Amino acid sequence: MSHYYKRAVKDILENRFQNLVTIITIAFSVLIVSAFTLFFYNAGNIINSWKQGIRIMVYLSEGITKAQQLDTKYRFAEIPGIQASRFISKQEALELLKQQLQRQSLLLGNLKENPLPDAFEITLKPSSQNYERLEFIAKRLENLPFVDEVEYGQRWMQGVSAVVNLISITGYAFGSLFLLASVFIVANTIRLVLFSRQEEIRIMKLVGATNRFIKTPFYIEALIQGILGSLLGLIFLYVVYLFIGTYFKWGITAKTVNICFLPYDVIFVIIISGMGVGMIGGAIALKQFLKS
Amino acid sequence: MRIIKDKNAIIRMFHVHKRYGAKQALIDISLDVKKNEFLFVNGPSGAGKSTLLRLLYLGTSVSEGQILVDGINLARIPQSSIPYLRRKIGIIFQDYKLIHTKTVYENVALVLEAMGKKKVIIDKKVKNVLLTVGMKSRQDALPPTLSGGEQQRVAVARAIVGDPKIILADEPTGSLDSESSQAIMDLLEKYYIRGATIIIATHDKSIIKQPDAKVVELSEGRLLSNTKI
Amino acid sequence: MSHYYKRAVKDILENRFQNLVTIITIAFSVLIVSAFTLFFYNAGNIINSWKQGIRIMVYLSEGITKAQQLDTKYRFAEIPGIQASRFISKQEALELLKQQLQRQSLLLGNLKENPLPDAFEITLKPSSQNYERLEFIAKRLENLPFVDEVEYGQRWMQGVSAVVNLISITGYAFGSLFLLASVFIVANTIRLVLFSRQEEIRIMKLVGATNRFIKTPFYIEALIQGILGSLLGLIFLYVVYLFIGTYFKWGITAKTVNICFLPYDVIFVIIISGMGVGMIGGAIALKQFLKS
Amino acid sequence: MRIIKDKNAIIRMFHVHKRYGAKQALIDISLDVKKNEFLFVNGPSGAGKSTLLRLLYLGTSVSEGQILVDGINLARIPQSSIPYLRRKIGIIFQDYKLIHTKTVYENVALVLEAMGKKKVIIDKKVKNVLLTVGMKSRQDALPPTLSGGEQQRVAVARAIVGDPKIILADEPTGSLDSESSQAIMDLLEKYYIRGATIIIATHDKSIIKQPDAKVVELSEGRLLSNTKI
């Protein structure tokens, strides 16, 4: 085995130009796919933080007791999809409203009594954060005793839902496309390199080399190329990430959007995939050339 | 057709035909080559000499007929056993077929590496055989930097380094002056004396000097004669 | 010239495998870059439609005359960056507020008189839709006579500004990356193909062929490959676009987000670039091989 | 060093040395080849015969010394003029150097296409020359499907199709039987009679039959003799 390994390393050094092209092609392919992954990973995070904002207001009937209020809160547990509930008293609600109205809050200046009801603010589990579930949950909430009215930001929800759908469909579609493209490009680059080494392979067969003897070093080569290429691509991406990160922080200081690099497990998968694609590309080409 | 087993024949060809598309390269060839025979296949350009050799190492397959090599029916041999067949046969190709990106040493060593021999043994054998063909001093050169004759000598070295039972030589002296030529023929004779079977395809009758050699004549794909000189 | 063209076509047919690899590599590269362009083209459109929402409210002093109000409107023209202004009377404003408050509008039920001021809603030119300009324009508006107060959605603006910045920086960074990667991959694929045809080129030189004689068919080949590859890539993208489009429309029926395909001029530029990249890649490789 | 012009010499070599790295392939070669001369460069394998020819078509450049070909100093020729020099020279390479992916016809036609000749003229000339070397029937074959001797005949056809002033032939009959061999030599003689200058590198003295041929002997890079047979 160490003999095969030595032959592979020697081969890489002897065919430096072709190996370099292969490694850099893998690097760029990994770069494209992982850049895309990074983008959608962060976009996904941002979208999730928006989704957390999906909430239902449950307005309680006027003049209910503390016990009835608690009773209602317990009943929420029976409805699947609800993550948490928070009680908002009528006083709190008025304060919030005044804040929201900003300038127009002077309208509320001459109120004698607070006409707002007590309410619960309900947040949903991630799996229920879509329009259909939302409507269903709202219906069930409406039927609870002591509940006067249920409100949820219909139009806003539809808008966000649309954007989220668009982004995730586009993400999956383009992601698969880019992956497909990269796999194809890498596999074909390797085929092209092997194509130019057909004669060598043919001669080796003629002097009594088994397929295994011929293939193994190529596989080891593909493995090394895959690792080096993937690492190079990821390093390149990290540099770009740092650049965007600093530029971004420098430009504005919003805490609302937090970008971060790919987690370790994703990086690991990318490197393994790089290796896999190289080996599969090599395997297809070798099979083809070893036949003739 | 029954194939008669012959303990003494290492190669048996029965009514072999070879077509390349419409081109009939070999027509109804029947030929036995005995163990430890020195055979010349003679004939003009395009007669089918290289094709005949090619059939023996499965460089191509017959269109009709049967071939036995060392008791193995070539039509029945599984794909995975072909390398083991080829290790019994040392081949000097007419166009040398050296790997351009590997040194002389590596080209020759490849045969033994493929057999899985140990590094020290490989090193000893390769250096020895390169010395015999007079190419020891150029062992680190790449084939494209060698003269035609030098390439041919490397091809000879590669063919004999594995101590094959059978040596197929396709114009082994075509690019060599008479002196180097004689040296190569002497070398092949040495392997013959050691017990190998030698088949040489050549258009050049002047290299046929072995008194006990057998000569067959090919002409336009047909076997003409079967004579001793 | 027609002779060169014939040789190029013959060459393509003779080296079908390598040409196919090149064309498909170009196609995938074009696909990656143009998919990305398409994504950001549409994202850009969506962002623009958000930005159109950037507006400044100018509240007028109480009890101004119609003439003073018109005078104010004319003065807006002196401030660069303002696109349009719309007068909103206090009655209109109250109606709007009631709509916005939805459920809480009962708070306004017992108002005796409308305490809201008359106002102008001002929209900005695209070039001025950033936070710095916004603040500057607001300052100038504040100093106009008859203007009581100026309001603009500060926090909201900062949020959008951040997202817009992030998306456009990421877009430019990844766009250039993908472009770079594609150019490199295509150029190298062509180099790899020419590498395997070095011997042929060398022989042609030995029998008296000029560099021009050798190069021209390769250039024509690269041109044809570039066109075919780009078209293939764009067609592939269009299919994906249609797929996303229908899936998207089927899933929800929001009119807020409108996606559309790349405009003709961009398509034209992409095809020209595909050709260009092929030719440049070929030129570099040929120069290298013709020297030796 | 002054170069003496000689109206009759088409090739002049002055104290030419050629080194490949440490290897001295040619040592102090001075040689004049007259217009319309028939010259054999003879010598054993590795003597430097191919190297000598290679210098004449700028396949490689001298390490020392000067060469004039048809009045052109090869050291001064601009890169862009090399193709025009090569069109004056027909070369039969020792390893044929046929393009494997082009047919026999295309390989031969290439020379004329590069010269910018018309299609009808090319067609006539190519078919004619393929007929002369006996390869007309294989004109649509790819070189790897040809026998060694057939490839060599295509190489000869390509060398002569452009009616060159000078023909350089490196072992032009190495893969050919004596009959085909003689045919090729006769062909070269025909061009010689028409006025071409012919230089043949060979290790095989038996092909030297021309009564008025000049023979020079190379040995380990040195010019030994300068004799007529």
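When the chains are written out, they are named A, B, C and D in that same order, and each has its own residue count from 1.
Convention: contacts are C-beta pairs under 8 Å (C-beta built on N, C-alpha and C of every residue); 3 or more make two chains touch, one makes a residue touch a chain.
Computed from a predicted structure; not experimentally measured.
Asker: Could you tell me which chains are in contact with subunit C and with subunit D alike?
Answerer: none
Asker: Average the CA atoms of each chain to get its centre, and name the chain whose centre is farthest from that of subunit B.
Answerer: So the chain farthest away from subunit B turns out to be C.
Asker: For subunit A and subunit C, what's the span in angstrom between their mean Cα positions?
Answerer: Averaging C-alpha atoms per chain gives centres 22 Å apart.
Asker: Between subunit B and subunit C, what is the gap in Å from one C-alpha centre to the other?
Answerer: Distance between chain centres: 67 Å.
Asker: What whole-Å value do you get for the distance between subunit A and subunit B if each is reduced to the mean of its CA atoms?
Answerer: Here the centre of subunit B sits 62 Å away from the centre of subunit A.
Asker: Please set out, as single numbers or ranges, the residues of subunit B touching at least two other chains.
Answerer: none
Asker: Specify, in ascending order, the residues of subunit A that touch 2 or more different other chains.
Answerer: none
Asker: In graph terms, with chains as vertices and touches as edges, which category applies: line, ring, star, complete, or other?
Answerer: Contact map by chain: ring.
Asker: Between which chains does touch occur?
Answerer: So, checking each combination of chains, I get A-B, A-C, B-D, C-D as the touching pairs.
Asker: So in the complex, which bits of subunit D are touching subunit C?
Answerer: For this pair, the touching residues of subunit D are 57, 59, 80, 82-84, 86-87, 91, 93, 97-102, 110-111, 113-115, 119, 158, 162.
Asker: Which stretch or stretches of subunit D touch subunit B in the complex?
Answerer: Residues of subunit D touching subunit B: 20, 43-46, 49-50, 94-95, 145, 147-150, 152-153, 170-171, 174-180, 203-204, 206.
Asker: Using the touch rule from the top, collect the residues of subunit C that touch subunit D in their complex.
Answerer: By the definition above, subunit C touches subunit D via 3, 14-15, 199-200, 203-211, 213.
Asker: For a test of understanding, state which residues of subunit A touch subunit C in their complex under the given definition.
Answerer: For this pair, the touching residues of subunit A are 17-18, 21, 24-25, 28-29, 31-32, 35-36, 39, 46, 59, 97, 102-104, 106-108, 111, 115-116, 131, 149, 151, 158-159, 161-163, 165-166, 169-170, 173-174, 177-178, 180-181, 184-185, 188-189, 191-193, 195-196, 236, 240, 243-244, 247-248, 251-252, 254, 256-257, 259.
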